[in-house]
Structure formats: C-alpha cells, structure tokens
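Structure provided below as structure tokens; questions to follow.
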C-alpha cells in the first residue's frame, strides 16, 4: 500500500523521503525516484509532511514513539498523517504525544485496497481539527479521490472500523440467507434479485454477492481469490470489539461476526476473500 | 390486511364473499359491498378463487383442514392463494391436501405492511407451478404491484422469511454500528453518510436509519411508531429458525437476531417499529 | 437402544412382542426369545404395556397415528411409554389422541446412551399423571435405575432437552475456556484443577473434560470416539430451539450452541463425541 | 477489599504502611494501627513486600509506573504482589519494568469477594517463578486460605478470567435452561434436582441457582442482592475478550456472555448479583 501511495505523490511532483523495514521495497522506491532514510527518525528530521502506513497498533507505537521513532526528531509544525487501521485510542495517545512536540498527528485510514492505492483512488477517513483538515486534504488528494473529514482525532479510525463491522455483519447475513434460501428450494439468482429489490438489500447482496455464479467479476465467482482477505477483516473486527469494550457499547452481532471470521481463519480461509463466509457455512462433509 | 385486500378486489369489480372471526371486520366489509359467509367452508363452497390472510401456522391449518375448513367444501379446480406468512413446510402440507381435492393451493405471502395493502401496492411472493402462476398473478395484480414467482409451493414463504431474516440482521447491525460510532465521537448523520457511500451500506442504513433524526419520515424519527412491529419481526425470525432447523442450515446471525428481538419483546418493545433495536441497545440506565 | 431394552425386559421374565423396521434387529430379538410382529398395530393388538424408542418426531407420529400405527388397534387401558427424544408438543398431541382411544400415553425419554441401555441402568424422565407414574415406574425399573417423575405429559421431554441444552452450553464453554487458558500459558491439567475447585466447575470440566490427556477414560483422550455423538446433540439442540420458539423463551446461549454444533456437523464431526468442540475450536490450519 | 487484607496482615503481627486515594479508608486503617503514606512511591520506599489491589488496568499502570508510582522508589529485591484483576498483558509489562529495577512483580488476583477478604479466606491465583512463589505464599496465607501457583507472570490473571468466563457462561446457560423448563411446565426445584444429578450440573445450578426460591441463602432468593455484581462480571468478561483477541482464540459463548452482561448493565442490573441473568431473561412486560 505504502509504496503505491509514495509513487502517486512522486508522480504529482512531490519529493519523497521513504523508510520501510523491507529493503526490497525501499530499493524499488529509490529506483522510482525517492530518497531513502535509515529510520523513521531520519525521515521525520527532513520533512514537514509525513504519511505512515503500518500493520497494527504496536508498529504505530514503535514508529512514532520508539527510540528511533518519528517523535524523537519531528520538527514543530510537521503534519503527521497515519493511514494505518488501528485502535482509535492509540491514535489519540500518539496525537497527544505529537502535540507535545508541536507536531500535528491525524488519523487517516483508507478503504479501497491495493488496487485503489495503485490507481490513486483510495478513500481517506480523516480525524483531526477542521483547520488541519484542509492541509491534510491537499496532500491526500494526490493519493485518493474521496477525502472525508470525520471529526476529532480518532474518528477516522472509528468510521473505518464501524463501516467494516457493518460490512462483516451484512456479508455473513447475506451468506446465511442465501444458503438457507437455496436449501428451501430457491434459485440463488432469483433470491438475490428478490432481496435486492426489497428490504434485505445490502452492498454484499447487491454488488459483492458471496454465492458463486450470481454476479460476474466478484471474488465468489473466482474461487474467493482477490478482494479483501478474511485475516484482514478479522483484524478489523478485533479493533471494533476493543473499541466496544472500552466504550461499553453493546455489539451482539459485531462480536458474533468476529467469532465467525476467527473460525474461518482457524479453518484455512485466512487468505481467501471475506465473502467466503458462504463457502464456510455451506460446507457439508460426509461424517 | 385482509380487509384492505378485499376492498381493492371490489374496487376492481370483483364480487367478494368474505369471512373473518371478527364480526366487526365482517360488518365493515358487508357495508363496503361484500357478501359474508359464516365459515371458511361456506366461502369455499361458492367461489373459484379464494385468498386467505391469517396470523400463523395453526390458523392456516384450521382454516384449510379443520372441520368447517376450506378443504371440506372446495370445488375441483379452485385456486387457493394463501397470503399468510407461515412455515414453508405447512404450505407444502396444505398444498398436498388441497391437491387431493383437485384444488390448487399456492403460497403468496406479502411484503409492504398495512398501508401498502390499503393502497394496493403490496409485493406478493408466490410459490406454485409456472402454469398456475399466470392465473394467480392476474388476481393478485388487483391488490399489489409486484408479483414475483419464486418457484414451487413453499418458495414464496422461503423468499419472505429469507428477506426478513437478512433485514433483521442488517437492522441490528446498523443499530449497533451507529451506536458504537456515536460513542466513539462520530456525528450520526456524518456516519450514516459514510456508511451509505461505502461497503457497509444497506437498506436499513440508507432508507430506514434507526437513529432518531438521521432521516425524516421514518419510524425512528417518530418515537418508533408505525412501520413493521417488533413482535411481527420476531414471529418471522422464528419461522426462519424453524426452517433452518429442518433444513440443517447454519444461521449464526439469524439465530442471534431472533434472540435479540425476543429480548425486545420481553422488555416492552413488541409494539414498536423493528428499528427500535437502536433504542434498546443504546439504553443506559443508572445503576 | 430398543433391542437392549427389550432384552432386559425378557431377562426379568417379561414376554416381549417386538417390531422394528430393521429385519436384522428383529431376527436377533427373535433369537433372544421375543415374539415378532409385522407392524406397530400388530404389537398394540396383543399387549397391555408398550414401549417405543424412535429417532424423531415424524417416526413417532407415523408409528402411533399412521395407518398401521399403534392407535389403530390399541386396547382400552393400555399403557404406552414413548422413550424417544422428541418435541414435547408432539408428545402432548399423541397423548391426546391416545386418550381418545382410552389408552394412556406417557413420554419417558432416557439419558445414558447405548451402554447404559445394555446394562439396564438408564435414567428415565417421565411425563404423565401421578397415578399412571406408578405403573410406568414398575415397568421401567427393569430397564433403568433412575426413574424420575417430571410432571404432566411432555415434561419428560422438557427435562431431557433442558438438561442437554445446558450440557451443550457447558461443554462449549469448557472447551473455549480451556483453549483460551492454554493459549495464555496455563497447563491444561492445572487449569482444569483450578476450575474444578472454583465457581467455573461443571460436569464437562470435571468428569468429561474435552482436552485430550486431562482425564483418562473419556472420549477426548481417545480421539473423541464413543460417548454421545455430535449429530445427536445437534438434534436435541434443535428440539430445544423449537420449544423455545413456541414458548417464546429467550435462549441466547442455547441458540448459539445449536449453531456451533451445526458447524461441527457440517465440518465432519457428526460422528465424533460431543466434547470434540474443543478440537474444532482449537484447530488452526496454515492459511 | 484492600482494607480487609491490610487488617488481616496486622492481626498476624505484620506492620503495614498503607496508601489509598480515599482519605476515609486511610483514616480507618490508621485507627486500626497502620502507618499511612502520601503516595505509592512513599509506600515502596519503606517496605520489602508490597501488595496492591486496584480496580483496572489504568490504575495499575499509574500506581506502578506513574510519576509518584511504586517503581520510582522501589528497592532491589522487593516483592510486589498485585491482587488486581487486569489484563495479563499489563501484568507482564509491569513485571518487566519492575525487573529492570531489580524488584519482583507477581500477579495474584483473588476470588471470593469482600466477605472472604474480611474473613481471610480468599483464593489467590499467583503468576511468577517457582522460587518467588514460596515467598509470596508465606505472605498471602495471612489473607487467604488457598494459594495456587498458576505458572509464569500473567497466568494468575489468565486463571482468574478463564474461571469467570466459564462461570458467566454457566450462569447464563443455567438461567435460560431453568426459564425454558419452567415455561414447558417443569417445577423449578424438580428441574434443578434433575440437572444436578445429571450431565447439565454446574456450580451455578447446584450451589448458586439463579431462580428465586430454589435454594435458600443465595442472592436469587434475596432479590439478587449481595454476591458478585453484574458490573464486575462484565468487566472480567471484557478482559477475557481482550485476551481472546490478542491470542486469536475463538470464544463464541464467552463473547456472547459479555454482550448479555453488557445488556444487563445497560438496563439497570449493574449493581445486582450476576445471577440476575434469570430475572433479565424471564422479564415479560406488557407491550
């Protein structure tokens, strides 16, 4: 993801200083025209706008607040945009520490996947003050086409995990509904048509139907390859549950969705598209 | 429901013979021009097309196969259209018994509620043979605007309960997502906007949002009055679970949805609109 | 089951008239000293006490009320004891029809499995009047060691499915608790010991622990062979859910337990012992 | 809790230096013979064994690693016993920081409640090395009667949250089973007796039955007063879920249990005993 984003910035004429733990990724970026740094601290030392894209809470904490992290060298007034999907509470904590150094940290997680990153059409959900949002948007527009201001720091993460929680619920719901209907004798295309013109309609039933053959060009019609992986959805559902525990919010179906995706991970579906819930539920082995 | 449907038939010029256990309803229909009968058997004795609209399995069994039921007097070739929402297995059983009398039973449950019944714009989901469907459609078009052939007998019921199961899941999912997002600091209208332009989008988030004030003119903005009641949704979810048990279909979120709506019923929400899941989940009393 | 029960009656000196759809089973019983009949009706014609042991609702309905069923020939005053595990509502319905013939039907489902049937140490949970219970008990004591009067007709079934619902919940709960504890670094035997001397203690943790090696002589220590099969537990949980739907009883964990056992069935565990929930939850394939 | 524990130490002749954010609690302890300190740092400065009992993760972090926390003054070789119930990951992190100061931190959460603390009969579940456990046990035996070594640091917490997760599942399961059985016509005492002599037996059904009147002297027979509060159980279930997310452990019923207890909290049951799940599930208002 990060490589595509950096390349889109360079295409628009921005000089880029890059760091990655993967030497291969760094070498590729260097060949594409980026300067390379030997640590997050070195990147932060030389720039006034900085974008991070990292796997999880612990990496964000390390890269920002660790011994050779961004905050050890960051200059006053630097804009820090974190596009990782992480716990909103971690975003808020890092933002507070950045503020102590005079820097501005905003959370800006994305939706859209690797292809959208490559094509510069990501959606960014941004958390931070209204006044900082303008500056952030001007930069992010070089990498995405839809830049949404969600509110204070942390609300970008909140919007991301809320959307994905509802997506997971809808996808599992669509899968079990399609499976039940088929076992009751309904043709899957006919059933999808009924749902999609009625009140059961959702993005998962209409544009990403999990039953093979109902829609062309979606992962379910290609053995659940490509798309958004089960392991990534499981991670996002874990973040949603952590946020629900902290805010004491009831999420009966969100927590059940996490359990179901966890089962998929444990039974070999981690690398498949998240619509493979249908296949998992449909499965029926001889006993 | 049944009264509105009968009046729409009369408006189109059909003579109607009516029966209802409520003498008041019957008197109203008589005043509107219907003949009245003293039992289902008496109705069946005099007509060649017959529509029933009943609360639950037991009523359908009684009205069709009971001592003074339809099948005791039905004439060969009569078309029996049952618009009740019941267990598909019951529809199939009644259809078989009707067949023994030379009559044709089709299941034709509706969606759209009382107002749609009054306005003649119901959707009918019809189960029966292709050849019988044409005759059924010609009659049902006087009471609805969307007449869908779902397949063999029982598939009308299957389509109805599948749609409503997915609807219930989506509504609860939307409710808990909106509640979680709000507790994380998101403005509800903003969050709804993000979901509705992203992959979390569903009918419940877009056209029937459960958070008061997000959309005008929906039950959530009117103290959850009107709309589709919690008790009726709970009944339909029970039918879905019965069908899932019989067909050995896994429905992890569908079964959880039934449990949640059951809780709403038990805590005084039975007469409220089914979007009151938001209110139920949001509730936070002092301890 | 039925064969063992009949043999125990014969050992105590009772003459037995037997019927089974399996000719092999009948031949074995004949060799052991039973008379054989060609239908349930023929059995009923010749006896004043009759015990049935059948797989499910439909079989009980057929064997009692079908064309060559027990009620077609049953004599006034005959005691009918049904040891099948079925829906209490079906028990009540058959009891009412038996009553019309002057016969007494009681539900008397068992716990204990095939070995307990062979050894004559079954537990019978009996539903019927106090006065009839005495007669029933005198007969059932030849086949079991614990004969419990549960109340009116149907309460034997109620007791059976309630116990098994709680058992399923406890077993899944024990499995996920043991698995979580082990992943947190606890030794399974030590953890079992802590639970069993504390408030988490249950039959499943104490006498039937699902983790291989914690207890000797239980199915988990023998690759989950023997014991009480997943498919049978799934059936009983379906009965519990049907009863919960009819009585409008909330059963949040009972319904979740059905979904989990359904998943086990679908993934090849149907023939394994019901403690294999541990193995199913623990499973962790490479992705 | 902490006050009772300190008084038991003093009764056994130990001099105690105490700190609490509540001045009232401190004054009481002073009257009972304790020295008082003005901060955790001041306590740590003067002792070689120290016991903490705090509400949640954040308090433990503050009291140990904050500006006037224990680790700012702790002496080499001091034994730190934390009896709070918190995230095992937090215990491990604090233990590592304590180790850097040459102190030994062990987690030692308790079960047994306020009365057991007063009577000196708590159970302590202790995580730490075998060699340190002996010293810890010698001290803890003055406050409890059952001191269990669970393994490395963090396993005391693991054992505590595992036990409570299984307890919550069993309690909800017992509640819904008792309620279902009663609606099916079973007498609650009779049903409890059947469960308790069969495979559904658990601590909640046998010694803490949630149905009023089944057992004397338990909270359910005293309007759910006393005992272990719903809000505390909800907190422990949140810790279990956090641990399950981190260790990627499936906990389908554990997560459902958290959702149910969260609902109880939200509907005014937070201060009632955790067996009030029965009352919550049973509730049936007029609609």
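Order as written gives the chain letters A, B, C and D; numbering starts at 1 within each chain.
The rule is short, and it goes like this: a residue touches a chain if its C-beta (ideal position, glycine included) is under 8 Å from a C-beta of that chain, and two chains touch if they have at least 3 such contacts.
If you want to know which protein each chain is, UniProt gives these names: A, B, C, D = 3-hydroxyisobutyrate dehydrogenase.
This is a predicted model, so every value here is computed, not measured.
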C-alpha-based rotation, chain B on chain D, 0 to 180 degrees, nearest 5: 180
Label of the chain whose CA centroid is most distant from the centroid of chain A: C
Selected pair, greater C-beta contact count between A-C and A-B: A-B
Centroid distance [mean C-alpha coordinates] between chain C and chain A, Å: 49
Separation of mean Cα positions, chain B and chain A [Å, integer]: 38
Residue list for chain A, restricted to those that touch at least two other chains: 248-252, 256, 263, 265-266, 281
Graph class of chain-chain contacts, one of line, ring, star, complete, other: complete
Footprint of chain D on chain A - complex, ascending: 238, 241-242, 245, 248-252, 255-256, 258-259, 262-263, 265-266
Of chain C, residues touching chain D in the complex: 88, 111, 123, 125, 146, 148, 150-152, 154-155, 158-159, 162-167, 169-170, 172-174, 176-181, 183-187, 190-191, 194-195, 197-205, 208, 240, 243-244, 247-254, 256-257, 260, 281
Partner chain A, residues of chain C touching it in the complex: 231, 256, 263, 265-271, 281, 283-287
